[in-house]
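Both of the next two complexes hold chain A, though its partner changes from chain B to chain C.
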Partner chain A sequence: MFDVLISNLPYLLKGALRTFWMAAVFVTAGSIVGVLFGSLAAMGPRWVGALITVYVFVIRGIPILVLMFIAYYAPPALGIRMPDIVAVGGALALYTGSYVTEITRGSILSVPKGQSDAARSIGMRGPAILRRIILPQAMRLSLPSLVNNSVIMIKATAYVSLVGIWELTYAAREVVERTLAPLEIFSGVMLIYFAVCYPLSLLSRHLERKYAYVH
Partner chain B sequence: MRLDFQLVSRLVPQLLEGLELTLLVAVASAIGALLWGLLLTWPRLSSRASVRVPVIGYIELVRNSPLLVQLYLLYFALPMVGVFIPAFWCGVIAIVAQHGAFLCETYRAGIESIGRGQWEAARSIGLRGFKLFRLVILPQALLRVAPALTNQLVILVKDTSLVSAIGVMEMTLMAKISIERSAATFEVFVVVGVLYLILTTLVGLAGRLAESRARARIGHV
Partner chain C sequence: MIEIKRLRKCYGDHLVLDDVSFSVAKGEVLVVIGASGSGKSTLLRCINFLEEFEGGEILIEGSPVGYAPGEGRVRLPEAHIAELRTHVGMVFQSFNLFPHLTVLENVTMGPVHVKQEPKPEAEERARQLLQKVGLADKVNAYPARLSGGQQQRVGIARALAMRPKVMLFDEVTSALDPELVEEVLSVVRQLAADGMTMVIVTHEMAFARDIADRVLFFDKGRIAEAGTANEVLDNPKTDRLRSFLSRFARVTRRADGCNSPC
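Let's turn to the complex of A and B:
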């Protein structure tokens, strides 16, 4: 019964490669933006924090699929030429960034104030305190959530197929149209996603136990 | 850049029609997912492995694969085995299956955070079984995880946009069709984005309001 899955596996795995390559690039980019914004929101000037709050509020309040459609239709309308994958990937990165901003902001604010007071008392200054005292501790706190967020974003890459970008889910639909075997193909594809996402989920849980904050 | 909002205003009735269906999908899925997740906590917390393990398997499988693929599986595979379900209900079932799994884990965290003393005290005054759970454990557990529940419901509302992929004429699909029919381009999606933003903000506010009212009634837990 699953012959049809096995015979189409090479094609699907090519799609999977594309999916996970895309996830690696855009989710990493979004996470870097998020860590930067989150740090600025927690430590930077007030007005910067306010701007970042608006960014997070707007992006998190809109479905990623709608953001992808905006990114897909906007550049041509504005007379800008860019490959679809860059525009839609940008939407994915911005979306990732909005969640990572909140994670980072929260973990920076939960590093006890005594830590920066102590650093200041031995003569360290702002940027050095952030880089050498606050961020290392905050990153340890936020690591489980960051990994978990990556799982959510890998799952969200499937939606780019709806704006016509070829990856695993798109490849699955092509194969189903050809073979008329939706049960075998889609459950197989579910397992391919699972094979990547589940270990990451376990890693996230493991990190959470390992880095549980000891006061 | 020139936004043609005059054209957009003519498309608004269509979008509002879509919004209506979005709300229907959201309400049906939210009710279903909240109940399904709660129902799952019983086998999930069972001490018998033969009951617990299959449920954990289901929860991990749906949590670690895309909702879109699950939606396709339901929509395209069920007719092949002779089960015909309208697209609307396919969408609702897929959302309930995924969000119910997430909500089950949230409920579980809440239930496990309630100390043994509460169970023992309830038993000592004669409460047993489901009544004990419903009257003593559940209200406290729900209150502890209320922010997480609200968050999950906001994500659920956003996920309703995915049912556009199987042809349910909700707001996202309406927007896409409007764009393809008219010359208006992404302005339509900007309007739709704002409508979703209002919707998710209202859900977030309602969740926080419900939480603070419950807190006022039940007190600190």
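Let's turn to the complex of A and C:
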């Protein structure tokens, strides 16, 4: 029964490679933006924080699929030429970024105030306190959530197939059209996503336990 | 060493410190007592400018804390404020050790990253200090692995590593289990014997009596009584202090050795 899956596996794995390559690039980019924005929102000037809050709430109020359609149709309408994958990947990064911003902001603010008191009392100053005291603790607090968020975003890459970008899910639909064996093919696709996402979920759980020290 | 003149601090409408003036001589141990909310901790936090204040001035060895002298209350540059803090050691009620760093890294953080001392020397001295507070075997442990009393002794070593001229102790035994209090107090006694200038906020009356050259009793943000331990603790002049001390004695007796009146 699964012969059809096995014979099409090389093609699907090629799609998978594209999926995970895309996820690596755009989710990482979005996460970097998010860590930066989250730090600014927690520690920066108030007006910067306000702008970042607007970004977070606007993006969060839009389904990712709608955001991708907008990213796909907007550049040509505005006369901007860019590859579809950049536009849609940008949407993916922007979406990732909004969640990572909130994760980062929250974890910075949850480092107890006594930590910066203690750092200041030995003569440390703003940037050094942030770099040596606050961020290392905030990163440990946020790491499990960041990994978790990456898992969610890796799965969200499947949406890009709907705007015609070729990756694992798109490849699967092609194969299904050819073979008329949707159950077998999508079972295989499911296993491929799972094989990558499950270890990451385990990693997240492991990090959570590792850094569960008490303040 | 420390001179405080007409210090005033408010949170909104609430006056926390109201016209507080006193000075601390070099080598003197000043103990501050008073009910919670009487402004004792805020006072300590003003001395190293962890807290801004609205009026008056604080001088440490003649240099102003927080604001330039004269009219206008111009805030001193951050670098200047940070430099001043390196001369004032502070130990906190809740320890505030850096949980992501080992005991040794906690103690060397200031010397290495603020004073730019070479790491080997800073570590050598940190080991000596940790030995002095009885934690020579814990240098590589993380704070979460230590008892409260041990954490607080690391807190003291961390402050001492900066070679401060003054040490501030903010209810350093209030968060400890009763059986751990003495190990911390004995370290503070040792410092007093070494001639360290100290301002100590505490609820440990027996300890206060032992160690204080002078005692201040704070009430509603003001110094209500001041004098030697004997004058203040044994011969209170005001009703407020009498009732504070008696409430204290009662709580201590009832709790049977519990050292915290809260």
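Just so we're on the same page, the second predicted complex is superposed on the first by the 214 of 215 C-alpha atoms of A that agree within 3 Å, B and C clash if a C-alpha of one lies under 4 Å from a C-alpha of the other, contacts with A are read in each partner's own complex, and residues count from 1 in each chain.
Going forward, a residue touches a chain if its C-beta (ideal position, glycine included) is under 8 Å from a C-beta of that chain, and two chains touch if they have at least 3 such contacts.
The model shown is predicted, which means the values in this text are computed figures rather than measured ones.
J.: Quick one: on chain A, after the overlay, do chain B and chain C clash, or do they fit? Just give me the call.
T.: They fit: once the shared chain is superposed, the two partners occupy separate space.
J.: By the touch definition at the top of the document, which applies to A:67: first (chain B), second (chain C), both, or neither?
T.: Touch status of A:67: first partner only.
J.: Which partner chains sit in contact with A:7 here, chain B, chain C, both or neither? Use first/second/both/neither.
T.: After superposition on chain A, A:7 lies in contact with neither partner.
J.: For the superposed three-chain arrangement, provide the angle chain B-chain A-chain C between C-alpha centres, rounded in steps of 10 degrees.
T.: Approximately 100 degrees at the chain A centre.
J.: Please name the chain, chain B or chain C, that touches the greater number of residues in chain A.
T.: Of the two chains, more chain A residues are contacted by B.
J.: Pick one for A:110: touches chain B only (first), chain C only (second), both, or neither.
T.: Touch status of A:110: no partner.
J.: Is A:137 in contact with chain B, with chain C, with both, or with neither (first, second, both, neither)?
T.: second
J.: Counting only touches as set out at the top, which of chain B and chain C does A:128 meet: first, second, both, neither?
T.: second
J.: Quick check: superposed on A, how many Å separate the nearest Cα atoms of chain B and chain C?
T.: 24
J.: Contact residues on chain A for chain C in the complex?
T.: Per the stated touch rule, the residues are 112, 114-115, 117-126, 128, 132-133, 136-137, 140, 213-215.
J.: Where on chain B does chain A make contact in their complex?
T.: The touching residues are 1, 60-61, 63-70, 72-73, 76-77, 80-81, 154, 158-162, 164-165, 172, 175-176, 179, 185-186, 189-190, 192-193, 196-197, 200-201.
J.: Where on chain C does chain A make contact in their complex?
T.: Residues of chain C touching chain A: 48, 50, 78-79, 82-83, 85-86, 88-90, 92, 94, 96-100, 109-110, 113-115, 142-144, 155, 158-159, 161-162.
J.: Can you check the complex and tell me which residues of chain A touch chain B?
T.: Touching chain B from chain A are residues 58, 60-67, 69-70, 73-74, 76-78, 151, 155-159, 161-162, 169, 172-173, 176, 180, 182-183, 186-187, 189-191, 193-194, 197-198, 201.
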